[in-house]
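See the structures that follow.
Both of the next two complexes hold chain A, though its partner changes from chain B to chain C.
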Partner chain A sequence: MLEINDLTLQYTADFVESGIIRVLDGISFYLKKGESIGIIGESGSGKTSLGMAVMGLSGGEVSGEIRFGGVNLLDLTDEEMRVVRWNRISMVMQNTGNVLNPAYTVEEQITEPITKHGLDSKIGAQERASLLLREVGLDSDKLNAYPVELSGGERQQVLIAMALANDPELIIMDEPTASLDVLTRRRILGLLDRIKEERSLLVISHDASTVASLENLIVLYSGRVMEAGKTDLLLKDPRHPYTRDLLRAHPFMDTTKDLQGIRGKMPTLYDLPTGCRFSTRCTQKIAICEERPPELTGCRVRGEDGSQDGDGGTYRRIACHRGGIHTLLQVNSLNKEYQNRSRNRSRTVAALNDISFELQVGEIVALVGATGCGKSTLAKVVTRIFKPDSGEIFYDGEEIHAIDAKRFHKDVQMIFQDPLDAVNTRFHVLKIVREPLEIQGKIEKQEMIRKVKHTLDEINLPSDDIFLKKYPHQLSGGELQRVTIARALITDPKLLIADEPTAYLDPSVQAKILKLLMRMQNTRGMTMLFITHDIALARKVSDRIFVMREGDLVEQGVSSDVIYSPKHVYTKELVYGAEGAAGYIYKSIRS
Partner chain B sequence: MFGKRLIEYVIAFMALIILNFVMPRLMPGDPIDAIYGNELVALTPELREQLRAQYLLDQSIWSQFLHYLYSIASGDLGYSYAGKAPVIDIVAGALPWTILLVGTALFGAITIALFLGIESGWRRGERLDRYLFAIFSIINGIPGFFIGMILIIIFALNLKVLPAGGAITHYAGYTGSEYAIDVARHLILPATALCVSELSWIYLLMRGGIISVINEPFIKTGMLKGLDDRTIRYRYAARNALLPVFTRIGIQISQIVAGILIIEAVFTYPGIGYLLHDALLTRDLPLIQGILLIVTISVLAINFTMDILYPRIDPRIRHV
Partner chain C sequence: MYKPLILRSRGATIGLTLIVLIFLIAAFAPFICWFDPWDYSSTPLQRPSSVHPLGTNAIGQDILSELMYGARTSLTFGLSVSAISLLLSVLIGVYAGISGGIIESILMRITDVAIAIPSIVVIILVAAYLQPNLFQLILILSLLSWQYGARTFYAQTLSLKQRGYISAARNFGAGNGYLTVKHLIPDLYPIMLAGFIIRARYAIFMEAGLAIIGIFDPTTKSLGLLMHHAMEFAYMGTWLWWLLPPGILLALTILGFSLVGYYFEETIDLRHRSMSSGRF
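== the complex of A and B ==
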């Protein structure tokens, strides 16, 4: 019904160098009759302009095609377009104070398009107005109210009633739930659900939960589509780095992880990067990303069980040169056994039993399990400290044992449970932190000190000479753990493995260290494997959770799934066992 | 809220009356001298006595005030010795001319100014708007009497098509339609002068008002609804831009009144303004006082009516 092909919208502006502000760039999507679609993006992504362009009111230069019922709306004259508006497509503008005409009553404003388009007499229109008002859940005595007399929620309801007035086939809604309280918001969302049963709906929002119940979703960034597909899949398993970042910043009711903002700023519309629009903030970009923008193409989708599916079996498209979020570490069928000698009997214990998983660029995965379950062994195998008995590990596509040691250790770093394991107690802070750099070699001394200071600053440690000359025993536990974090981060690693990094710290220091790690992970876009025995902690820091028991990886999944609907018995045990004092919160969310 | 406004008006009205009562009595010397001076009429002792008795000057200030209130209420504003008639009669004779002049001029000014302001503001930056804006900006800087004088010079003195002053041709004995045409011919120049000088600022105000609402979201809503351009221009833009314009007209009422007085004086048009001009020249204090009282009461009444009208123009007002 609505088919948009290569839609581009730009304005000429003499105050910018290029003379052009490009708001929309090559947008294509379609919406079948009766379907609903959501468009999400931050403010400035061009989503409102997209709605206005469909209505023919965006101004500027529009090119491409907007086909509606087979006709390209861009070919219509002003007069023809005027007839399309409200009769066939209506739009609910963002609910700001003055979106309704302050001088007329609700009734006058709802009946106006009906009578002016000659659909009905004044009396007929008035009857319809009161019907519509009840339909959106307002008393008909609001008919005589002026816009100032309405609350924000009522105004939204009136706007929706007004949009329904001429019985259009398609309704476009711009931020229908913005600045409403929770209850009103729920009412409006319920209303949307009812509306979309009868007609096509296009909802524009910065807020992913507003569009969560729509069938399809498009993620817009700086005027380009980043990712498109079925809403539930896209929200659960975003494949584009931007979508993931956007969702990370958004509080869903079942979000378990702490919210994280997106590093950096959106490029301004008159100074867009030549390549991928997201390249200024992307943590997995490669050379080509800055050269030309990626096309929107089909992409592979991770199945429920973590397997890879060729085309996902579902409609999903993505614009990324790397085919979406890149796999950084791939582990296939790892096995490792221990000889456990006790009471003169020798027993073979499987520390790692056929372990397979993937880690993706920029994600935090928590590996949860009891002491002795093999999680530390796994960490050591992945960091090449131990050799596995069998199995393969690929780092960025290369078998890790084939990678030059220096390069590997520059990219993969580890933080230990006990900071004293990581540091030489006879070294002072400066020496401890710069050691990994020295191993890398080829770096000037001054530069090295500058880097050390910079890293210490980043993680909120003093970087003055007195501190640099301190020895481990002169530092508190928290400080020392920070020093080892600095040491791990100084080579700018891509993968950070943190093995119970806060186990020795008291809770308040622990919280600080965790926040710090998450912040560093987010700003640098590192991948992090966070090993812990504490599932409550895991749920706060991770995007995904792996559960390990006695050498087996028994469950892996998106954190909210693992926490709210654990599948394996052992996971259930862990989750219910961890409820503790917060159990009632957990239960109330579940019910 | 309405009650509060009403009380404010009553207080203002009282203050006015008291001022009018107190002023001559505060002047040094005998109030009779203050009111009647010596030049106008020979104040014979008998006349002086008669006046003292008339104003109850020998009695207490309270009974004087009550008497004063009583005479105002019964329409007695004093006696003009210069005009040799009661003040109220003189004023009543002049008032209709002023109403005629002001009515025509302001009606013309407001309709034309609003229309041009709306069309011009809506087409901001286009040629029509640029011309109108330039023309009215210039006119806005020219004082009313100057416009009046130019009109007199062109149409009355040079072209000799219209009378230069007065409201009717005296002693012509016109009746019926002839009389009406005569009145209209006399009205054209002063009404035009007044109209033009008020028109320009109302136009500028209306144009500014339109420009300030043109980017409001409800204008977009109107467009989205597929309404025609004229509906959006009038029902959406103008309707909402009107209130500030009306408020300003209300504030400007005293300036408008001043403008009327000047125009009447320039055209020797026999309304209140010209009367005041005469009274000032002859130092006819009772008349001056009477006129000021009538004028200020009129201004109060106009403001009051506008206050009542505001909420009808803009529903927002009801809630602030």
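== the complex of A and C ==
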């Protein structure tokens, strides 16, 4: 019914070199009769412009096709467009408080489009207005109210009633739930559900939960479509880094991890990157990403049962040169045994038993398990300190033992449990932090010192000469752990493995170190494997949680799933155990 | 006033003073002595006099000059043996410890064999048959005394290898060479220093022992040789000025090295170090 092909919207502007500002760039999608579609994206991504363009209200230079019922709306004259607008396509403008004319009553505002398009008599229009008001869930006594007398939610309902006035086939809604409280929002969402039963619906929102019940979803960024597909699949398993980061920033009710924004800023429209629009903030960018923008193509999606699905049945497309979120580390059936010799008997202990998992670019995964379950062994195998007995580990698609040592160790860094053990006590801060650079070589002394200072600044440590000459025993545990973090970050690693980095620290210092690690992970776009025995801690920092028990990886899943619906018995034990301990503390505080 | 740590221990102060004094005597022997110890023009077997404070020996050489030059040889011998055997121990122990695998097995089995060999017997036999000169004797004794040190350095390397900063450095891409030069060897300095002093003491003692039983380069002057010759004429009552002085000087030298050695063993032990470095 609505088919948009290669829609481009640009404005002329004399303050930029090229003379034009492109707000929408090559947007294509279709919406079948009776279907609904959501468009999400950050503020300034072009969502509202898209709605306005469909309505023919955008001004500017529109090219491409907007086919509605077989007719290209862009070919219509203003007069013809005016007939389509409100009668066949209507729009609920963003409820900013000034969309309703404060001088007219609700009734007058609802009847206006009806009488204006000459569809009904005045009496008929008034009847219809009170009917519509009831349909959107308002009492008909609100008919005579002025907009100032209405609450935000009620104003939103009136706006929807206005959009429904001429019984259009397609309704475009711009931020229908923005700035509404939870209960009002639920009422509006219920209304949306009823409306979409009879009409086609296009909902624009920055809020993923508003569009969650719609059939299809489009993710817009800086005027281009990043990802498109069935809403449930897309929300559950986002494949584009931007979609994932956007969802990660959203406070869903069961989110356990501390919220973090997407790193960096959206590029301004008059200074767009030549390549992929998201490349300036993307954590997995490669050379081609900065050269040319990616096409929106079908992507492979992993089904519930593990099957791979192409573009075929599912409507799922993605614009990414790397084919969506990239797998940084892939571990296939890893085994490692220790010989445990006691007296004359020799017993083999499986430290790692058929471990398989994947780490994706830009995520934090917590590896949880009791002491001695093989967590640290896994870390050491992954960082090539130990050799596995069998199994494969691929870093960025390459078997790790085939990668040049220096290159591998530049990319994969580790933070240790005991900071005092992890530094040579004969070294001062400068020597400690610059050691990786010295080993990596090919760097001048001045440049090295500059880098050390820069990294120390970045993690809020002093970088003056007095601090640089301090020895480990002159620093506190927290400071020393920060120094080791600086040392790990100085080579700009892609994968950071943190082995119980806060185990020796008190809760306050621990919290600061964790915040620091998460901030560095976010700004640098690293992938992080966070090893801990504390599941309560794991849920605050991780996107996913792996649970390990005596060499087995018993459960892996999204943090909220693992915490709120643990599947394996051992995970349940861990979660309830942690809850029990917390309950005990609360009780003793209260009594 | 600032006082170096070593001078706060009375034993170590005494030991250090002794070593320094004997060193000065040895180093400046040619300037102090007014007789060439090899010059046999004086009357033999003189009693002590103002010209010859400790008399002369059986072939007319000045005993005091012999004593000073003897201290020279003894110290040179002791320190050289100590340095060479220490070098061997460190090389073998650290290399075995850091390499692991087959190299570790081979080197440590060789060490075990060396420990099983009774070195005194071997050195007596070798010396008796080969009649080695000073330099060769230094080499032989070094080759027969590295094994105990090798064990120590091997064990220390194994324990240091477990430290986090070694794993960390490996994680930055460091190889065994880097780890040895930048971390292990400097970390072992204290043990090396203590080991060096203990070993020097042992070598000086060995020199005296070998010389007394006549297995030492007879063309040199050493404390042991001096005592060896003095004993031949002990029946003539010359022991007081001929045998006793080298004995006392030897005892003082060994005492000095022992006192300083004990001090280092106690204070620069790695465990003491990590405890005093302010663990939180």
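We take it that the second predicted complex is superposed on the first by the 563 of 591 C-alpha atoms of A that agree within 3 Å, B and C clash if a C-alpha of one lies under 4 Å from a C-alpha of the other, contacts with A are read in each partner's own complex, and residues count from 1 in each chain.
Going forward, a residue touches a chain if its C-beta (ideal position, glycine included) is under 8 Å from a C-beta of that chain, and two chains touch if they have at least 3 such contacts.
In this text the structure is predicted, and so the values were computed from the model without any measurement.
Colleague: Let's test your reading of the overlay: on chain A, do chain B and chain C clash or fit side by side?
Modeller: fit
Colleague: Based on the superposed arrangement, let me know which partner A:Pro436 touches: chain B (first), chain C (second), both, or neither?
Modeller: second
Colleague: Can A:Ser90 be said to touch chain B (first), chain C (second), both, or neither?
Modeller: first
Colleague: Check whether A:Thr383 is in contact with chain B, with chain C, with both or with neither, and answer first, second, both or neither.
Modeller: In the superposition, A:Thr383 touches chain C alone.
Colleague: Once chain A of both complexes is superposed, is A:Lys406 in touch with chain B (first), chain C (second), both, or neither?
Modeller: second
Colleague: To the nearest 10 degrees, what angle do the lines from the C-alpha centre of chain A to those of chain B and chain C enclose?
Modeller: 130
Colleague: According to the stated criteria, A:Asp193 is in contact with first (chain B), second (chain C), both, or neither; which is it?
Modeller: neither
Colleague: Identify the partner contact of A:Arg426: answer first if only chain B is touched, second if only chain C is, both if each is, neither if none is.
Modeller: Only chain C is touched by A:Arg426; chain B is not.
Colleague: Using the superposition on chain A described above, determine whether A:His117 touches chain B (first), chain C (second), both, or neither.
Modeller: first
Colleague: Closest Cα approach between chain B and chain C after superposing, in Å?
Modeller: 59
Colleague: Both chain B and chain C touch chain A; at which residues?
Modeller: After superposing on chain A, no chain A residue contacts both chain B and chain C.
Colleague: Which residues of chain A touch chain B in their complex?
Modeller: Its residues touching chain B are 55, 57, 82-87, 90-91, 93-94, 96, 98-104, 112-113, 116-117, 146, 148-149, 162.
Colleague: Quick check: in the complex, which residue numbers of chain A touch chain C?
Modeller: Answer in residue numbers: 380, 383, 385, 405-406, 408-410, 412-414, 416-418, 420-426, 435-436, 439-440, 472-474, 476-477, 484, 487, 491, 504.
Colleague: Can you list the chain C residues touching chain A in their complex?
Modeller: These residues of chain C touch chain A: 163-165, 167-175, 178, 183, 186-187, 273-274, 277-280.
Colleague: In the complex formed with chain A, which residues of chain B make contact?
Modeller: 216-218, 220-228, 231, 235-236, 239-240, 314-316, 318-319
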